[in-house]
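After this come two complexes, each holding chain A, first together with chain B and then together with chain C.
What follows is the complex of A and B.
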């Protein structure tokens, strides 16, 4: 019997890779650090996913079921890799539970983590309860089904979205200069959701530029404005303060289109978080000797191949957000592409 | 809005218009040739964080974003014009620099522009430095910014009628301060002759004396008299020690 393939990470990319390999008859071990499959969207209870406005269970649910019901896929939850020896076709991987695996190829799908917005002190996150992250807003929707100000539980009258928090920012050093790719579109969606459910709430998006690329342009840029009345203001938020006189926040910015400084009262401020390589991505890159971007520390593909799925190590393939910010459906497509690359590498014959 | 200078409404003064373009270009090139320039100017997305953070922007027609944009556009006319008034509203707090997501330093660019304006003896710098003559005299001769003998009722009418009393018996009052203040009314703290010599060397080597000579020849002469006097005293002391 052919040696098996190791997939590291049970998020959208890893699930897709394991599912495809399993369906094609390749013995696969799926190792996931957490005790649940699905990655960030499932673990952190995302509400609605861009761009198809489906829930995590609609998008990832069938993938999780396929993986769980496929006899070729062995799922190991709560497990990490600790060491790796050998070479392509004959890797010996030590796991955190003491087990040793012999695998022919490895798919790395270790993902990202959200930016910790306490690092941008001037935005007041962790100081003012009504400054929340877009992740917390998702959880407000998904877990509690209502919008409120954490300080008093009331419905906010005015909500601001602050784009690019922990993205496109050299003040944080060289690590966070990249664009998060999803933030503009998700904010357009979240802002529209608020306006749809609470038409009396004014919603403002503070942006530097709006990057709803490709087909995302209408649903996540024009629709929020034209169908839902979300207001877009061009200017990056410089700081957020609290006014005890009225108990409201103040967002400070320059409206760079009408060219005027402004300090606007807000009841709820949503920080749109950037993406960073997850601790798991950094750890696995080190163990496997994968090439990383020197600044962001995301894993980068091999220079020697046109494929952006191949790593610098033969027999090791990389997919999803461990390589940089990416949306969920592209991440899943990369997982499937990684499965194809693995098959090609194994020289496997697919029986029809 | 009358006289409002934000954005593309910056009016070029008639005076700037009358200066030959090559001269304006020479001045701007002098700013760009400064060794700090390339560390202060990068790309700009016009996000407005600098201007939103700028304390001067709240009170004056001054926007750090405008400085960065004009350099990126290489707008010689406006840059030259700004050096006569606009840039002097900057309080040099450098909040723009610590906030800019692309680490531009508008305050630093202003610092270079001011130095070039002073080096080229712009009329504006003469007017702007006039109220600081006494401070400049103290700083350049002693390294102290303020001293007891600078308190004069004529200069501080807003300090009230008690100021006159405060000015009398300055020396006795200062001696009564229960910790060491150098026993002097001419300086805030004691400055050794060696330290003063080192300071004069810095002024000389960095061209500060020359700069001052161009802007305020009278003040320059007063300062140089004191400097030379101190230098002679130092020479004498040095010779005595040699013997």
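What follows is the complex of A and C.
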């Protein structure tokens, strides 16, 4: 039986799985498609992470350092898996660089991708420069440190957040009917950040319902309203138009509480993007023969096991956003849980 | 053809002609019905800000529209369901002033039972917030004085004149001011309840002491009707009181 373990994906889940395995003395290979570790938060320069309001380098930095400095972990950047043969305890994996690995177990942590909001043409993304995504807003904060309208570089007087873009939407087919899980909370945080830095900017959140579950309720729903004066308006934005007369956008919706149609002027509109399985997740699921949700194509756990970390294939474990929308800290916890499942599978005796 | 959601459309926005001829062609029929748009084109954020920034109105920001207040509100439940504190909060926070204005006839009806404030799970001081909304509307001339304030003025006038009120005069005088037709005898000009066009509850109230033969009560009332009760040496006091009230701005000069 091969001794080493393969972790696919160097994001929060993959990092924490590789880190835990390395620390416990298991030879681990960490394969990452991109040329940098850290996954979406690092690659796409997130500004502040929910729920603990820390930066990606604060949260993931120590994990990356641990993985890089651990002699048991071999990191392979810019590498993907191409094929896999064999069975549990003795997988033979071919990599894109031509190398072949023999591993006993695999942790799949291939993650998600952001919804491409150009698919919702009625929202004007890609047509009007002042319609941006919440990812772009994060990058505006993290890279430029200021809020502005892309059309003229000025501070917007009003900002609207449009919830559930690419989520809970049957119009996109069966693939995007799920909830993104992070959007309500992140919008609450971003809206608060705007109001804190620019109290003169009015911020509106257009929602159908607000899903800041568990302990997120206060910091990401109550505080934005009570401490920062963010306004929540009930109604899903159906169309975004541009009025050349005043150079402002119009968000078209029905205010379902007032039961009236509305077209409200806005200077900057932020689309809150849904999550989809990444191309890597779909590819890896196909190569490894993992069971996927027939609609969303996220990887699903085994029906037989109570653990949601075990896949339908023995010796293959799944963690993080490849299984569906998830927040970063849960993703990291799942990575660690996957490491424990791997140890259990290997029958390793851990001595303290 | 019926209009869907007819309740949402004010009559003045429905344009419909019995007979409509355009360019010599008769286009009469249901389809010539036009409903003027009711799209909200903007929020009045200055109005909203005034409420959010006032000391007793700032808890408006805490509302998450659960409607615990409205479900508890006796005015909403037993008087008129157009009185809806939860809705007023939503409208005020977005500055939808035209929507608030549609409800000015019911907005003063809070009976100050404080159930809303005591029960609100978010700690909104609902009653205070509603008072702030009313104040902001009053300041902009969007809502008139509340009805009981008019009664207070009527009451005060009577007290200022005599030092005391006379029940019949106050009651029937107020009803007359509200538009009810009060029949009066030709000589003394006193009200005759049974020939007046007044609500049943008032007729019942007047006839009760007669039916029960409450002679003492009836005699006292008759005396008061003929000789208006008056506080001793009221005239002197009245002059001082008027002067003070005028100086304090509580009474219009010469009023």
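Criterion: the second predicted complex is superposed on the first by the 350 of 352 C-alpha atoms of A that agree within 3 Å, B and C clash if a C-alpha of one lies under 4 Å from a C-alpha of the other, contacts with A are read in each partner's own complex, and residues count from 1 in each chain.
Heads up, the rule we're going with is that contacts are C-beta pairs under 8 Å (C-beta built on N, C-alpha and C of every residue); 3 or more make two chains touch, one makes a residue touch a chain.
If you're wondering where the values come from, they're calculated on a predicted model, not measured in any experiment.
When the shared chain is aligned, chain B comes close enough to touch A:239, but chain C does not.
By the touch criterion defined above, A:265 reaches chain C but does not reach chain B. In the superposition on chain A, A:96 makes contact with neither chain B nor chain C. Contacts of A:256 after superposition: chain B is touched, whereas chain C is not reached.
In the superposition on chain A, A:122 contacts chain B only, with no contact to chain C.
By the touch criterion stated above, A:171 is placed in contact with chain B alone, chain C being left untouched. By the touch criterion defined above, A:222 lies against chain C but remains apart from chain B after alignment on the C-alpha atoms of chain A.
Residues 234, 255, 259-262 of chain A are contacted both by chain B in one complex and by chain C in the other. Chain A meets chain C in the complex at residues 202, 221-222, 225-226, 229, 231-234, 255, 257-265. Against chain A, the residues of chain B that register as touching in their complex are 6-7, 45-53, 57-58, 63, 65, 98-103. Across the interface of their complex, chain B is touched by residues 122, 164, 168-171, 208-209, 234-239, 252-256, 259-262 of chain A. Chain C contributes residues 5, 8, 37-43, 45, 52, 61-62, 64-65, 87, 90-91, 93-94, 96, 99, 122 to its touches with chain A in the complex.
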